[in-house]
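Order as written gives the chain letters A, B, C and D; numbering starts at 1 within each chain.
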């Protein structure tokens, strides 16, 4: 299905439920799709960072995307990450995603080999030239260690290379520079700016972002749908209050032991543990940590879900 | 005069007008005080980064603070920066500021010699012990290269060491962590959180900050007073619109030639050039750049002032 | 063939010659192998950063490694990079490299998703468990954005997970900490420490490193063989002089236009342009820049080769 | 006395012994001067980072420098730090140091307010214009958060602004770029390049640096004199061995509790505790930590001194 122009609203970056052996749990993934669609998600994003794309072999990426496309069944668009180091490798993933029925591709700047902004622009153009799908740039400096600036993005918007941006940079100031640039060029009604910030989505939306792609939206999609509604209507205080509630819930990402686990691993475990406690997925295993979380961490996640009114 | 509890509203960090020979221009400084007070500033902050404190000898710091105290004449509180590398040196500045009639001190973490958070906490306690004035912590990682976290600040709020925070870190997420911590402890009605962000003040105020200390508030204090009013009343869309207007005006900080001037120098030159064009101060010289800006830069500043409706 | 214990000497990280269409130029790759072996290389390293592994699809990686193994023909060991984001994906590359006849694997810490040191250690252990080949850790923070510290490495040396280290961190201080730790444990005669530093190889070798893996060693392998000999014999002044000559030659990595090309792209272009001028490879194209370098850049590379006595 | 051209050898950056009340201990400072001169120091450097200049009020800086000048009594040159944020403040310190009899000034780039390289060059020129003393640039990015590059330094060498460089950046590669630039211009026999690296002094000296300014040289000046001799004579292996011995001793900088103390504080405490155990100074107090080190830390320092053959 064609992507709405611009894409708006809440677009959860789907977790990829796994079995304890590391296989994709197709049934649980289908249940997760229902969980977020019934709450009002306007699209879903498969094979992103929250979906552990970096940890999945090509085969498992395929299994996960196929399962999402089937579970969604055309009700909303399916965005698919095509995450790899450089253009030729990304194009291979893009072809696979297109064949599996994705409606749009989400692609980062090159990584491992740091690219010049001119090289990054060429990368997006060559990826776009190799696919029939609309392209959404994925700005995630914490993973790729470069920032997609307005100076790089605006020409790619103007020439039709990009249909949207998922901004996971946390840089609200740069987001506003981009939004101002889009408004000046009359492009803010066709190009979709999506914030990946779970914790400052209110500020991004009040500033003019079109939607939000929150990892925590796997757990509480309804909360982000309410937040989006408040912000869209200019209710700043109500948006901030809902955001503060979600910020408190976000503490479930910090329950892993920092002596043995990165913050990213802890966040993935937190999301999956919450989804398991909510009865959405069967097993909280992540690719990097197939073993269960310690009982104390699980209790903390449970308490946070209860305090947020979700359990 | 005692500091309001908590201090709220717009608190311009005053520029220090200089003659082309580098002396403090006392008359212009008095005019600047009138400029911001007539627009509704609730206090003023002398000898901060916008005041070029780092560039002023001790004598000139004294001249500038004395001039501000006299011009204000007790109408609003005067906050004074006591900016130096370590405790003993800060205490000397603190004594001087107290003798000159400041109403509160603004003090950074130690710099040059990077301090451990426990050492930073001790630094604030020893500075506080050496003065009768309330103490406002100045979080400015771009200058001091460490961040004042909620974990460091909250105990200093609880034990009365600190009366407020000027947050120039640009880290909205950390600001919200602090605000949530203050609310949990019932301290958000006595401790004053002031954002130093010119460009995202709306987001900080909507999230619960008590006031704003914007360098650009030297130029357009009335704009920040309006922004503050919108945000205080929860009018998110109006706040964002006023913020966007001020963001456009903020481009006057970027008129210096990046081939010869740091962004900080360019910002200081921009503020002073604007104040000169507005007729507030006599000479746009900064300590680092006593020479006038190129004519093309001045024209840009003039155009931005016109577009903002200030000229 | 088994890896020498410890591996010593000069181990060029082979460039991957490409056609202008992006295919692996097997003939030129064979010529490059002869070029470095005839100069005295003790092993070769295929599919590393200098080999543009990040830019090659899995198919092209296979073609390149197969060509190297055949050209080497068992005369020296072939190290093969298995470069990917996380364990499962690395293991797939490792299996492929083993099947193609590599003698050892070179593997980085996880990237894209930043790993905790404990997770990184687990990553190396799981990769090692999935292969019959010795494992060399590849410390390249510029690409993976984490550093392999002595605290992480030493247990992996002690338990036999790792057979060596390629240190491309440029952190001579950390290298000496590791070397001291190996000496204390009596492991410095079995574990191989290879510096990836082209420009400070003398210092690393004098400090006790066993060998050098210099990208510039594609161009001037004989120079590094001489440098290695001087350093091994403790001739500090001669080693520094040879190093200074190679540092001057290293300027060929900086001939790309910084307005359109990253420093990494410029270095790869420089190496390949030099190899082309030396008559070793047929085409200087890189994966990211198939177009030829501007004539002025080529002239600079030619001049540097002449000044270094190579042309 | 005039500075040797170029200044060569070991130049200890003197600690400033303090009483437990924070006053400068003039007697102990004199003893420290004897300790380093009797070991063969070619000059001394007062009021540097190891001298806690950042922690001393202007009065105490004056007391310390006066004491050093008197204790040295013209036997070797006295370099004096003039450490402050910007030009006008540095010039005030420079005048004071000149009046107290310093033979050369050591000055950093501006800090707190980050300067453009062009502004930094102007800073050195204006400081130089205000003094009759030779000027040594102090490259210490860990404190001032900018790097003095060869591109900035070489013009200042050519026009006579600078007589030397103290390089505490730890960037051996940049040091070699500078040394090559000096050689190309025939300036390496007049301009003095001094490395501040305690742990890689051998590499810097073998690469061509003229001397070393090691904080650890307060404790073991004779060790650095030996290291300097080996390196000067091109004895790479002997230099590395002496360096490794000093690296082991350097562990005395890491005896402070990282839960309460920065690494810088720990290093200063380590130096002073060692000097106290060696009987050189009366009290190990530092400005930031007047309280004694825990007994376990003192035992570690004692053991390291014994293992190094100093006790």
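Note that in this section contacts are C-beta pairs under 8 Å (C-beta built on N, C-alpha and C of every residue); 3 or more make two chains touch, one makes a residue touch a chain.
Computed from a prediction, not measured in an experiment: that's the story for all the values here.
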Shared chain contacts [chain A and chain C, defined touch]: none
Topological distance between chain A and chain D, in contact steps: 2
Interface numbering overlap (same over half, different under half) for chain B and chain D: same
Listed chain pair C-D, B-D or A-B that repeats interface A-C [over half of contact pairs the same by residue number]: B-D
Label of the chain whose CA centroid is most distant from the centroid of chain C: B
Inter-chain centre distance, chain A versus chain B - centres from mean C-alpha coordinates, in Å: 37
Separation of chain B from chain C, taking each centre as the mean of its C-alpha atoms, in whole Å: 51
Residues of chain C whose C-beta touches two or more other chains: none
Chain-level touch network, classified as line, ring, star, complete or other: ring
Chain pairs that touch, as defined at the top of this document: A-B, A-C, B-D, C-D
Touch list for chain D against partner chain C, complex: 170, 172-173, 176, 180, 199-200, 202-203, 206-208, 231, 234-240, 243-244, 247-248
Residues of chain B defined as touching chain D within the complex: 22, 49, 52, 54-57, 60, 83, 85-89, 92, 110-116, 118-119, 142-145, 258-262, 264-265, 287-288
